[in-house]
Amino acid sequence: MIRASCISKTYRGRTVLDGVDLSIERGEIFCIVGPNGAGKTTLLRILDLLDRPSYGLLQILGEDATGSESVRFRIRRRMSMLFQRPVIFDTSVFDNVACGLKFRKMGEDEVRGRVKSALREVGLPGLERRRAKELSGGEMQRLALARALVIEPEILFLDEPTTFLDPESANIVNDTMVRLSRDRGTTILFTTHDLYEGERIADRIGVLMDGRFSQISEALEILHHPADLRVAKFVGFENILRARCLSWEAGEALLDLEGQKIYAISGGRCDGDVFVCFRAESVSVGVGEEPIASPRNKFRGTVTRISAFGPFVYITIHCGFDIVAMLTRRAMDELMLDLGSEVWASVKATSMRVFAGAGDAAKKTGTEKH
Amino acid sequence: MMKPKIVFLLLACLVTALLVSGCVQQKAALRIATTTSLYDTGLLEEIERAYEEKTGTDLLITSQGSGKAIELARRGDVDLLLIHSPPEETAFMSAEDGLYHRCFAYNYFLLLGPPEDPADIKNLTAIGAFARLHQLGRSGNPDVRFVSRGDLSGTHHAEIRIWRSAGFNYTSDVQGSGRWYIETGKGMGESLQVANEKDAYILADTGTYLAFRSKLRLVPVIASDEELLNRYSAIVINPGRHQGTNDEDAKEFVNWLLSEEGKEILTSFGGDAYGAPLFTPLEEGICESEPFSCTCSLIP
Amino acid sequence: MNEIVEGFIEAIRLIVTLDPEVLEITVRSLVISLIATVLSAAVSIPLGSLLYLREFPGKGAVIGVIQTLYSLPTVIAGLFIFLLLSNAGPFGFLRLLFTPAGMVIAQTVLILPITTGLTIAALSGIGREVRDTLLSLGATEYQSILAILGEARFAICSALLLGFGRAISEVGAAMIVGGNIRGQTRILTTAISLETSIGNFSLSIALGIILLLLALGVNLSLALLGRWHH
C-alpha cells in the first residue's frame, strides 16, 4: 500500500525528516507516535502528497508518488486526510461533507445518500442543513472526519484526530477508524502523542524521533521492549537508573547499581556505564522478611512518596536510589503501606532493559526480543 | 460557495450593455471641444437643442478649459474647437491644425474688485488699472491683491496680454513678484470664489461672473474697455492633418452659427437667466477690422 | 450653509420628480461603474488567484507595485487612457474617446490595482490549511481555487465594493476620457464638477446626495444577495 524509503524533508534549512523507512499493508491501522516536533505531521503531509519529500523514494497504491503532478493527483484522489485542526468551510454541513464528492463530479442522488450515511457514521445524523460553523468543536472534527471518509478513500490519514476532543467525540472518532478498517479494509495512518490510544486501535506503532523511526512494532512490544533509551523514556518507563556493567555472559548482564549487584537480561554485550530501565508495574512490593524465592533483584527501602492514579497508586521507594512501583490501591491497603514504611522491592531480570549510557540515544544495547 | 454561473451571466449582460452603449451613437455626430467659460454660461446647451432639432446632427460637446480643449483639437479628438484666445488661435492655424477659423461673437472681460475699490482704479483704463495694481501690490499695500487663473486659459491669456500692454514682462515682473499676486490654477468659478474670500481684484468673463453674482461681494470695477475685449472663435479641425475628423458637419455647424438663426440665439441668450444678453454676434464688415481682426463670413 | 440645506431639498425634489436628466445621469453613472467593477473583477479575481497561488521570483515586487497603484491618481489613470484612446494614440481608430465604453475602460484600469491587491489579500486571509484540506479532498487546482474564492467571498465582495466606490466617486478620469458630454458621457461626478464650477452649489450637493444613495443601494443589494445566498 505504502512503501517509503529514506524519506527526508528539509524545511528552511532545518531537517524535519531524516531518512524515514516505512511499509504499510492494505487494511492496516498504523499509528505514528512521537514527541512534538518529531516530524509526524510533516510525514503525513508527504504521504498524503501535499508536500514533496526533499529526498527519498515513495510508492503509494502501487505507483511512484514522487513523479509528475498528474500521477500524484490521481493517487491523492484515492486517499484523504483529517487534519489536526480541521478547516470547516463556511457553508452548510451538507456542502462541507459533499465537497470531495463534488470534486469528483458525482451525481446528486449518490452524493445525498453518501453524505447521509457518512454523517450517521460519525454520529451527526440529520444535521445536513445546519451551518457548519455553528457546530461545537467536537462536532466539527467529526464533520471533518465524515468529509474525509465519504469519498471512501483507500488510505485515510488522520493527524492527531483526538487531541482536542472531548472523550465522547474521541471515542466516536476512534470507533469509526476501527470500523472503517474492519468493514471496508481502509488503510489507516494516524498520529497521536497518546501511546495508549495507539495501543487500543493500531495494529502497529511507529515511534518517530527526530525525523526517523526509532522503532516500529506492535504496541506491546514497544511498551515492554523499547528499542532504545529514548523510546523507553517516551513510552513511559518510570524507572531509569544509572548503573555500571560488571560482566556479561550468555545474554545476562551483571550490573552494579549504586553498590548493589543486579541482574538484567541483555541481548547485546554490555560495557561500562549504562542505564537500566524497568516499568513501575514490573516492581513487586513486599513487607516483612526478605522474600526467598526469585527474583534475584531485591532492594530494601523506605516509602517516601505516594501518589494516586485512578485505581492505581504510584509509590516511590528510596533504597539509595529511587524506585517507582505501581500497585493497585487494594494491594497497598492490604500491605498497610504508608509514608515511611519499610518495604522490599523486587524486579525480575527479564523486566529490566539495559541501554548504553553514554549520551542519550547512541547505540542500542537493549534487548531486542525475549 | 459562489455560483460561478451567476457571475458569468451577470458579466455577459454587462458586457453586452457596454457594447450597446458604446455603439449606439453612430448617427451623424459632431464632436466639439469648448472652453469652459463658453459652456458654463449655458449658451451651448441652448445652441445644442436648437441645432439638433433643426439638423438631427448630434452635438457632442466637451467643455475642458482652453488649454485642454486646444490639446484635444490638436490631437484630432474633436471636429470643432470653440475658443477665446486669439494668440493661440493664430498659432493653431499657422500649425495647419485648423482648416477654417471664424470668429462669431464677443463680449467683455470684467475687472472685478471689492466694492470699496482699495486701489482706487475705477476711473482708469484697464492698462492703467493693471499698472496701478502692480505698483501697489509690489509696494506691499496689504489691501491690494490680484487673483489670477494661472491656468493658461483664454481668460488667463487675456490677462497676460494686458500685463504686457502695460509694459510688464509677465513671467519676471508679475508672476512670483509677491504675495499680492495669487495664482489659483483653477477654473473661473473657483478663482472667483478665491478672489471673493481674499477681497482681491480679478479678471473674469461676463458669463461666469453673472452666474456667480449672487454669491459674490466683488463688483465690476472696470468693464467694456477695449483691452478687455473677449472674442469667441470656432475652428474647424483640418482633416488633412487628423484622419477621420468630421469637417463637413463642422463646417455646416459654423455656418449655421454665423447665419441669422445662429445670431438670433446669440443675441437673445442670457436675457432670461442673467437679465442682460451675454454675447454680441460679430457682423461681417465689422469683424475684419480692429480690434477684432478676424473672419466671420460663411465658409464656402 | 444655506446651500447644504437647499441641496437636500433639491435632492429630494429631483428624486421625487424623477427628473429625466438626473435620472439619465444617475443610471449612466451606475451602469458605467458597475461594468467597470465587473470587468475588473473578471480580471482581478483570476489574476489575484494566480498571483496568490504561484511562486515566482519578483512576486513580492509585483504585489508591491500593485499596492502602490492603489494610490494611482484618477487624473493620471484618465490621462493614460486618454492618450491611448485619443485619435493620435495607438487605439484612436476604435473611436472610444468620449464614449461610455472609454470611461468604463478608464475606470477599470483605475480600480484594477485595488481589486487585484485586495483579492490577493482576501485569499491570503484564508490560509494554507484551507488549500491543503481541499487538495486532500481531491480537488484539482482549479476546483481548489474556486472553493478558496468561495471561502473568501465576503472579503472579495468588499474589495469589489471598494473598487466600485472608487469608480463611481472619481471625477478625474471620467472627465478626461468621457468629456462630460451632455446626454452621452455626463455622469454624476462630472455633473457635480460642472455645476460647482458654474455656481450651482445646491444642485451639486443634491447630485452628491444621489450618488451616495446610489452607493448605499449597491451596498444593500450586495448584503441582501449575501444573505439570500445563505
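Note that the chains take the letters A, B and C in the order they are written out, and that residue 1 is the start of every chain.
Note that contacts are C-beta pairs under 8 Å (C-beta built on N, C-alpha and C of every residue); 3 or more make two chains touch, one makes a residue touch a chain.
A quick note: this is a predicted structure, and the numbers were derived from the prediction, not measured.
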{"item": "Chain pair whose interface holds the most contacting C-beta pairs", "value": "B-C"}
{"item": "Centre-most chain, if every chain is reduced to its averaged C-alpha atoms", "value": "C"}
{"item": "Identity of the chain that, by mean CA position, is farthest from chain A", "value": "B"}
{"item": "Rounded Å distance, chain A centre to chain B centre (Cα mean)", "value": "87"}
{"item": "Centre-of-Cα separation between chain C and chain A, whole angstrom", "value": "56"}
{"item": "For chain B paired with chain C, centre-to-centre distance based on mean C-alpha positions, whole Å", "value": "32"}
{"item": "Chain B residues counted as touching two or more neighbouring chains", "value": "1"}
{"item": "Residues of chain C engaged with two or more neighbouring chains", "value": "147, 150-151"}
{"item": "Contacts with 2+ other chains: residues of chain A", "value": "89, 91"}
{"item": "Residue ranges of chain C touching chain B (in the complex, touch as defined)", "value": "31, 34-35, 38-39, 41-42, 86-89, 92-93, 95-101, 104, 146-147, 149-151, 153, 175, 179-182, 184-185, 194, 196-199, 201"}
{"item": "Chain C contact footprint on chain A (complex, rising order)", "value": "45, 48, 50, 73, 76-77, 79-81, 83, 85-87, 89-91, 99-100, 103-104, 131, 147-148, 151, 157"}
{"item": "Residues of chain B defined as touching chain C within the complex", "value": "1-2, 4, 7, 10-11, 14-15, 17-19, 21-22, 25, 31, 36, 40-42, 45, 48, 60-64, 72, 75-77, 187-190, 208, 211-212, 215, 242-245"}
{"item": "Interfacial residue positions of chain C with respect to chain A in the complex", "value": "127, 129-130, 132-140, 143, 147, 150-151, 230"}
